[in-house]
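What follows is a pair of complexes built around chain A, which joins chain B in one and chain C in the other.
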Partner chain A sequence: MSTLASLMKDEKKVGLVVLIIAALLPLVIRNSYILHLIILIMVWTVLGASWNLLGGYTGQVSFGHAAFFGVGAYTACLLHVKAGVSLWLGFIAAGVAGALISIPIGAICLRLRGPYFALSVLALAEVLRLIILHWKSFTEGAVGILLITPVISSRTGYYYLVLGIALLTLLTVSYILRRRMGYFFRAVREDEDAAEALGIFSTRYKLIALIISAFFTGVMGCFFANYTNYIDPYIVFSIGDVSIAMVLIVVLGGIGTFWGPVVGSVIVVLLSEGFRNYFAAASLLVYGALIILVIMFLPRGIVGSIQTRRSA
Partner chain B sequence: MDLSILIQTIVSGILVGGLYALIAVGMTLIFGVMRIINLAHGEFLMVGMYTCFWLFKLWGVDPYLSIIISIPVLFLLGMLFQRFVIQPVIKANAPGENQILLTAGIGLVLANLALLLFSPNYYTVTTGYSTATVHLANISISLPLLWDFLISFGITGLLYLFIMKTDVGSSIRAVAQNPDAALLMGINTDRITVITFAIGCALVGAAGSLFMPIFYVFPAIGEIFTLKAFIVVVLGGMGSALGALVGGLTLGVVESIGAAYISMGLKDGLGFAIFVLVLIFKPSGLVGKTRF
Partner chain C sequence: MLLEVKGLTKNFAGLIAVKSVDLHVKKGEILGLIGPNGAGKTTIFSMISGFLRPTKGDIFFKGQKITGLSPPRICHLGVTRTFQLVKPLTQLTVLENVMVGVFAKVTDTEGARKEAAKILEFTGQLHQKEVKAGSLPLGDRKRLEISRALGTRPDVLLLDECMSGLNPHEISEAIQLIGKIKENGVTLIVIEHVMKAIMSVSDRIVVINHGEKIMEGTPEQVANDPEVIKAYLGVDYAKR
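Presenting the complex of A and B:
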């Protein structure tokens, strides 16, 4: 128990130092490419952390989180383009939309376990993509939506915005994990039947984890739309570039560990930028190879392996 | 006139469904024996399709003749992946999600290697009989599709005989029923899983060759067929070969009707919708749990 407490203290200290450095970074770094990379790392940290809450801590591996990312992005953009709603409000709307769409998806898929759950979410994400692709009168279909006036125009602005979202996500996750609910999540992951026997409504807690996870994924969808100015169904509902990439980041960093998504996104963003010049369109090759290597040699991910070594 | 369109639609759906069944039988076999969902299944199909394409392009090998080569090529590929990548992970007693992710990773690597080597272009083989049709009353049937259907059934039948009548086949069934008991009876379960995975891949190798005369190949095609195979397997019931047949034909007909009467672009959505409905209302599949 004392080691756990000291670890928590460690994590707090580490977190505070990282935060201070992060807040001061744009004053030092004037290179906008490097700033862009750090923004990407934080985008993936948020996505990884929200996936991890469901996949890592509650044990429900989803292959279709692009559903919430895409719905968030489209909600914010359509509200803005069709109804003139401010994109700042869009961030909240995107999160709420992601959370709302996760309820029927969860009601259908969470009754299933393991790979059935993973792939049925993927199937529903594809259904959503097809609907948005073909409902041209409302969503512009494959043409996509161009945001002429995104919320911010400066890179430093985006930096602080994503830093804020990342902070909010990580604090929320860490808060939940320290509450009763967080322990229920982990109980469901360890043994669903045993958790049920102890009076935990496993389906309810899986659904709560999914809703929170979908909320932050949706918010990130809105950030992504603003940051890139443009979305289309292939980009925001992509299986490889969104759904699988989220899984990869968490598996690489350490599934079910708090810092896993942070470490995972640093490595994945830097590596895929590094290899982009060599493989161009085939940059997912690096993802695939990484998944295989990590699972073969570091089955608990980087943070997970360090933690087991430390506790051993 | 309307009725003949409906019959036409159903017939071509059944023919395509036969090919879906051939792909799904491999996936269901692998699942039945190893409890692993092979998410690289479609990518192995893609390798089979490229094998067929390059044999045709470089040496003018007839797509149907290329089956003789694509089967052993995919058998070997499956053997290597199972022996050196998948088996070590299973033996390390990794959590279930790692095994799903592992095959997804293999799929990503294969798809992107193909992208790197062969460019994202669509390739097809054009043979004298690619567009040939036979007419039966008011219905016209694509000749290569008819051949594909018959050969698929032939291969599935041969597989059935192999599983039921040979020693290796009964070992495979034993491992599927209970790996520990099979091991105690002196069956080399490691060897059996390698053989099973290789057979599963060889089946999609054959399917790849059969697909080429009527379809086209590009690096990202695997993803689509992995999903279709999984849908078929779930429709029929995980681990059931008969289920894969029923599921394949069902998906073929549903897609065909969807494409003809609703919209070409939404036919895949219809497949997903049925998949989700089956998962909710009849999770054991249309045929139920019967293992070979």
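Presenting the complex of A and C:
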């Protein structure tokens, strides 16, 4: 534990080492299943880091980030299928669409304190799912959209693509946290009255955190659509598999910590794959029990608990 | 007149917390605000700093009407407050707490860090800069409230009971600090129950009782006024 703690001390060094290893990994690993697992880890890292910026650092918990994920996925796919827009442009369109849809809900609900925002986003995700499900003439409804020619066809290609997105997301988050905005986010989380007395327009900063968070979540929606070739409303707007999974990864890894989403993703992806093989249908049960144990014994998550021990 | 309050009134669903209060502070002055518990002092602070909207009356700062503006807006204009029930940003260090205040006027992180360190040196808290605010004892939390508010470079600072719960040594330190803040050109309005302290720091004192201003004057005048003694100690003492 102590070596791990001292290693985590210099985040830049850790980041660089992880990056170099990550860049070289496909040259060593020829097993495409393992590569797939690493891609999943990076997908969840991006989603976790996005959620963490809003939920962990700014203190605005969301139970409905699938809204932005799904809107991103559908925006890119519909633009491509209906209007022939390049799926590469779709990544940007997906991020922008996710960000845009977050603005009205944030501008209204982030003014309120309490659980209203968390629940409104949950409702937003469900409403969007129903709209897409029933607007069959435009969205194909439950049939979903099949991408015949996604942006890349090779697994290694997707590996580098998601690595790039993950890098961009983590660098953005780390940059923001070191700037004035990052301090304001945390001040709003700690005490909104104190923040306002110190000149911080708290609603504005909560909204900025939401927009950035929704942008990267939307981009990941587009990646997911390309990677799996197929989306339908149940998959991309899923409460359990997207919205709650994002929360769990951050809570397990360490809410409000930079490396929490990374650690959480590794654990959740590997465990859920492992459990699926060993426990089959009972895997969710084992998974659930594990989460309860972590929350009971490591309430600050894994990275949070290490940091607390170090500073104590 | 730097700050002026005219006919300030606050009604909470029929309960009149503050009734037609007039106040003014000149630049560089320390105004003491005293009165029994529940007299409405903090409510007046909350209205001046924008946390509560007055039912009636107006607040002017540098001649500009600031009634009903939001707290951050009022802070940027130059008026900020501390809280009686301290609100430290618990997971941030002492230095980071002050940096958050400094960011009201400074945009770059390094500049903010330097200025925050200067302020902590001024308030005598620099040795605690790496300590998490959540693990400070009460006296230091009260001082952090002041350090952080100074970070915003206020023209007028509203101190809400920054000495309650402190030991005599800490109180005399706080009195010194308030004097130093005044020397730096900051105008202060101070709510305080520690009589020795408020009498020694204030240039002028306003006494509030049941939401109304009952007396205004120098510390000596206030201390000898029968109305004030009645409000604090009861009718019997005032007769003697």
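Criterion: the second predicted complex is superposed on the first by the 290 of 312 C-alpha atoms of A that agree within 3 Å, B and C clash if a C-alpha of one lies under 4 Å from a C-alpha of the other, contacts with A are read in each partner's own complex, and residues count from 1 in each chain.
FYI, a contact is a pair of C-beta atoms (placed from the backbone, for glycine too) under 8 Å apart; a residue touches a chain by one contact, two chains touch by 3 or more.
Owing to the predicted nature of the structure, the values given are computational and were not obtained by experimental measurement.
Touch criterion not met for A:Ile148: it reaches neither chain B nor chain C.
Residue contacts after overlaying the shared chain place A:Val247 against chain B, while chain C stays out of touching range. When the shared chain is aligned, chain C comes close enough to touch A:Gly199, but chain B does not. Within the superposed three-chain model, A:Ile131 lies in touch with chain B and out of touch with chain C [touch as defined at top].
Once chain A of one complex is fitted onto chain A of the other, the partner contacts of A:Val28 are absent, as it touches neither chain B nor chain C. Of the two partner chains placed by the overlay, only chain C lies in contact with A:Phe184; chain B stays clear of it.
In the superposition on chain A, contact is made by A:Gly55 with chain B only, not with chain C.
In the superposed model, more residues of chain A are touched by B than by the other of chain B and chain C. Against chain C, the residues of chain A that register as touching in their complex are 178-180, 183-184, 186-187, 190-191, 193-202, 256, 311. Looking at the complex, you find that chain B touches chain A at residues 37, 85, 88-89, 92, 94-98, 100-102, 104-113, 115-116, 120, 223, 227, 230-231, 234, 263, 265-266, 268-269, 272-273, 275-276, 279-280, 283. Within the complex formed with chain B, the chain A residues making contact are 55, 61, 63, 108, 111-112, 114-116, 118-120, 122-124, 126-127, 130-131, 133-134, 239-240, 244, 247, 251, 255, 279, 281-285, 287-292, 295-296, 299. Looking at the complex, you find that chain C touches chain A at residues 49-51, 70-72, 75-76, 80-83, 87-92, 96, 99-101, 103-104, 107-109, 112, 132, 148-149, 151-152.
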